[in-house]
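Presented below are the structures under discussion, each in the form of structure tokens.
Presented sequentially are two complexes of chain A, the first with chain B as partner and the second with chain C.
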Partner chain A sequence: MTKGKKLLTPYIYLLPTIILMCILLIIPIVMVIGYSFYDNVIINKNPVFVGLENYTTVLSDPVFLVAIRNTLFFVIISIIAHFLIGMLFAMLLNTRYLNVMTKGIFRVIYALPWMFTASVIAIVWRMMLNPNGVLNYLMTNMGIISEKIEWLASRDVALSAVTVINIWSGYPFYMISILAGLQGISTDLYEASALDGANAVQTFFRITIPQLKPILVSLLMLDFVWTLQQFALIWMTTGGGPVNATETISTYIYKQGFSKYQYSMASAGAVILLIVCTIIGIFYVRQQKAGD
Partner chain B sequence: MAKEDKVKTKWNLKKELRLAPGYVVIILWVLFTLILLGWILAASLSTTADIFAGKALEFPTGLHFENYTKAWGDGGVATFFMNSLLYSLVSCALLVVICAPAAYVLARFTFMGNKIIQTGFVSAMGVPITMIVLPLFCVVANMGILNNITASKVTLIFLYVGINIPYTTIFLLTFFANLSRTYEEAAAIDGCPPTRTFWKIMFPMAQSGIITVTIFNFINIWNEYFLSLIFANNDALRPVAVGLYGMLQSMQYTGNWAGMFAAVMIVFLPTFILYLFLSEKIIGGVTGGIKG
Partner chain C sequence: MKFKTVAKKMLSAAVVGAMVLSLAACGGSGDSDGGSSDGGDSGDSGDGVTLEFQQWWGVELPDGALADICQKFTDDTGIKIDLLSNPYADTKTQIASGAASGTMADVVGLDGSWVYDFAKQGSIANLTELMGNASYDDSQLSSQIQFEGNTYMIPVVNFAYPMYANMDILEKAGVKELPKTRDEFLAACEAVKKYDDSIAGWAIPLSTESPSGIQNQFMTWLWASGGSMLKDGKPNLEGNKELEETVDFVKELFDKEYIAAGANSMKEPDMVEEFTNGRVAFMTDGVSHLTTIKEGAPDLKFDYITVPTVEGFSGTSGMDVANWGIGIAENCEHKEEAWKFVEYLMSPEVNAELAVLANAFPGNSKAEPDYSSSDELFVKAYELFQGCEAINEFTGAPTSEDLMRSFGEELQLYLDGDTKSAADMLKAAQERWTPAFE
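And now, the complex of A and B:
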């Protein structure tokens, strides 16, 4: 093998991924940024450069501001809950006093929501949360609520209801990843800490958490990005309504782009979303580098 | 050993007591998920009239397996199901073939741009799909692809592959980095060319990581909604995630609830079976992949 060929080998292996990334990521991103500076691109044959006008329009659109607020609520509550539930279940599945069979069964039961496709989750939850559905039936019978609640059609509770649905559908990914991480922690560490007289809380915060840190950071970052762009569940349960109560940045961009055909507005919204993701991404890359 | 066991037991008991309130939540959670799934299963084998009469669990008219055959044939689940199967299988296979070599060279070779490309993939994970979908849709629409079934299918697979490349590559990269170098060194001494070494030695060694990431990809693609909603604008193209929702809604309004639940079960089964048989492997693979 010649030296030149050897030098080229890595690039040949990488070529397909790089070409695909250019076509699907880099070029579209450049195009979107371009769109966001013109007035009504695509529909208008000769779009006019308008500078930052789309951004000022989007940022002063009250619906967009509501969407930002809703997205923050949705993302922050979802991530915290995913993390806590995923951690709890993973710890349980990792304990030694459950036998292999029981663990196997629980591992499947806990991961069930992950295997439902979003449309099924949406339909099933819509039926449960229906005014005549199971939840209202149980809660009125048990005396928790006095009258039936329109969970997905009430402006006060719709956002919380959608967040609960997202929490339910998203925690298994944490559970599986954390479980894998827990199984990778050497038992020597736990034995040493037990011999030193550490209690369960100390062991958890001094050994479990630091050992899991690389996984936890990756999970939180990935989940942040995924939850931020969660579209399917919201779209199929409430469609952003009632009266924008569950409008998020994703549904806003979709409506601007594909129902109102305001591509420039949609692009400006998308660029704002990208900027947020980039900031988070920088933290992630730094964390990765610090870990190396 | 005796001493070690004692230490472990003490640690577990303490933890168990502290987690007592957590157990209540966990048991309720399991019950909730099981009841939900049990109800769907029972309803899918019942009749619409029985479901409304609240007798879904009593089967007064026997088990109605014909709900499944009807949903599969007349309901149109067959088309969506086969589409999803095609998209998921082809995309998963392509992702492995494209990403494994890329991950391998990034993990093993030192060459110009390696770090930059790695950072690029990590950042690409953070790019919201909402961002790239506008220009891609315009390009695809302008090329007239949307009127041709085969071309549209190829485009969809191309998109599914593209959006999953960053995660797959990064996952496999950490996995390859954790594999021992001894085998490659031995192969190099025996004069085995790098390409052969990769496909014959390293690729099989990374099997568990490849299986894990393939399952993640399969579930992701099987459940993908946003891209399918925009690019699959014809019933002949729609995968389950999008097709099912329209179908479920129409069944809900025409009152064919039993058929709707049968459709839900049909769509749920592939991912469920996949997970049931491979959950051990998934967890083993994640340990290698994320631990870093």
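And now, the complex of A and C:
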């Protein structure tokens, strides 16, 4: 085999993947970036190049700024709650004080939210959070509230309600991943720390957390990107309303594209989101490389 | 491994991959009515032309009904119809993609809210020209959806939106006569509240996700009293006294807590569920939900009325309609044949048959559908519809869904007390609507 052929061989093996990635990933991304520099594509048969005008319009749109604020709240609270609940449940399931059967049952129960699709979660929670729904019924009967709360219809609580739904649907991913990590930590470390006289808190912060660090960093970064892009759950529960109270970047982009037919504006919004996700992606890859 | 061997294996894999992709592409053509799609342009087949007909009706009609109707057309004319039937949302996406790429099916089912954008793009054909070429008498059409003075969509069947009244609740609340005016409606809602304050008088779905409540529940009050939200095809919200009165009327319903809770996130199915479960006394809704409600609550006693009007109104009430419309793609190579097909669907006999099958009202004013086997409430709704003027000003309006959404947001702000007056609210809505009409 000649040197040239030898060099070429691995690329031939990679060719099917490269072709698929180009068709499904690279070309659409390049097209969307291109669209964002024109006045209005698709609707307008002869779009005009407008440079960064779409970006300045999007970034100066008060609704987009509200969407950024809401997205940050939604993402940060979701990630923190996912982490805390996931860690708590994983530790409960990893404890030696429960027998295998009990652990198995709770593993299934705790992991259930992860099994549902976004549409099922939206329907179930819409029913529960209906003013005549089960949550208001229980809270009224327990004397917690005196009047029905419009969980998804009130501008004051809608964003928190949607965030709670997202927390509920997302924590099992953390729980399962952390549980796998916990089971991989050598018991020798815990025995050694016990001999050194470490208490439970010290053991947690000095052994458990450092050992789980690579998993936790990956989880946080992936969850950040996923939650940032969360669309289906918000769209099906509130549609970004009432009056932009739950508007996020993803619902904003959708409305620009498929309701206002402003595909270029939608593309500009999507590119901004892509840039944020890419930055997180770079950190993720670096962290993975450092781990290797 | 030798380079030749690797290349050979790659070639084999590529051929297999291509075969799999082509098989997937064949299997992926959307068809649910027995028709098959060649996935490409229409062309001659056998003794005539083949037209692609993309719509969502085939999914909603009884199995095979649309295919049978199309087959009769083929038997009469030799023109074959290739049905592409998919659910509404998929059809919308596919038609929009076709419009963008110039590959739209020859004949397309249209929703009135899409017409403006497709007509502006030049992706649907001017039917006024085609009707003129065929010397078609368009006076028999109950309505035509126009853009810049030319017809681009013809409503084939209409779905009316009368008001539903829960007779069980109203009788118990002591409401002896069904309301004909807004004042009587307010009195009926008050009676219902006094009877049981957990029951709402009326419901309006204002969810941002699906803002059709502005069209089907809010504007129906305005149209019923002969009002209009447009003037010469442009928004007429600011300074529109009839609209201001309507906004204030809904505000009064809201302030007096006659409106079902959770309106800001409510969707139309939620409203129907509230009514079916006896938690709402009145709702404005499509006749198409009649079967759903009867199946959900077989013992529920309810009736249809027209939407109450302002005091002293003596004109013809407008009744909101949604419709299954039809249009022809600009890229269609057989427009003459496509028009023949549209003409066939709009003929009195076929149109009447379609209306009965769809539980709807015909788009041809000369059609006489046989509703003898239909529910008596449906017949009553038809009679009410015939006494009213069919109206939907959002049909043919630009980015109509966005218009509804922005109006809904301004209405919510007014209902919540963020906007001081109905006039201010309408001014703000007008400012948001105007760019779409420019």
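Please note the rule applied: the second predicted complex is superposed on the first by the 279 of 292 C-alpha atoms of A that agree within 3 Å, B and C clash if a C-alpha of one lies under 4 Å from a C-alpha of the other, contacts with A are read in each partner's own complex, and residues count from 1 in each chain.
Following the convention adopted for this analysis, contacts are C-beta pairs under 8 Å (C-beta built on N, C-alpha and C of every residue); 3 or more make two chains touch, one makes a residue touch a chain.
Since we're looking at a predicted model, the values are computed, not measured.
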Touch test for A:86: chain B only (first), chain C only (second), both, or neither? neither
Please work out whether A:153 is in contact with chain B alone, chain C alone, both, or neither, and reply first, second, both or neither. second
Is A:170 contacted by the first partner chain B, the second partner chain C, both or neither? neither
Once the two complexes are aligned on chain A, which partner has more residues of chain A within touching range, chain B or chain C? B
Name the contact category of A:183: first (chain B only), second (chain C only), both, or neither. first
Go through the superposed model and pick first if A:236 touches only chain B, second if only chain C, both, or neither. both
Using the superposition on chain A described above, determine whether A:14 touches chain B (first), chain C (second), both, or neither. first
One more residue to check, A:131. First (chain B), second (chain C), both or neither? second
Quick check on my understanding: which residues of chain A belong to both its chain B contact set and its chain C contact set? 1, 9, 13, 16, 42, 235-236
Touching chain C in the complex: which residues of chain A? 1, 5, 8-9, 12-13, 15-16, 42-43, 45, 126, 130-132, 148, 150, 152-155, 158, 235-244, 255, 259-261
Listed in rising order, chain A residues that touch chain B in their complex are 1, 7, 9-11, 13-14, 16-18, 20-21, 23-25, 27-29, 31-32, 35, 42, 88-89, 91-92, 95-97, 104, 106-120, 122-124, 128, 176-177, 179-181, 183-184, 190-191, 194-195, 199-201, 203, 214-215, 218, 221-222, 225, 228-229, 231-232, 235-236, 249-250, 253-254, 257-258, 263, 266-267, 270-271, 273-274, 277-278, 280-281, 284-285, 288, 291
Contacts from chain C onto chain A in the complex sit at residues 2-3, 6-7, 10, 13-14, 17, 100, 117, 120-122, 206-210, 261-266, 270, 274, 279, 399, 401-402, 405, 408-409, 412-413, 416, 436
Which stretch or stretches of chain B touch chain A in the complex? 4, 7-8, 10-12, 14-16, 18-19, 22, 25-26, 29-30, 33-34, 36-37, 40, 98-99, 101-102, 104-106, 109, 111, 114, 117, 119-136, 138, 158-159, 161-163, 165-167, 169, 193-195, 219, 222-223, 225-226, 229-230, 240-242, 244-245, 248-249, 252, 260, 264, 267-268, 271-272, 275-276, 279, 282-287, 290-292
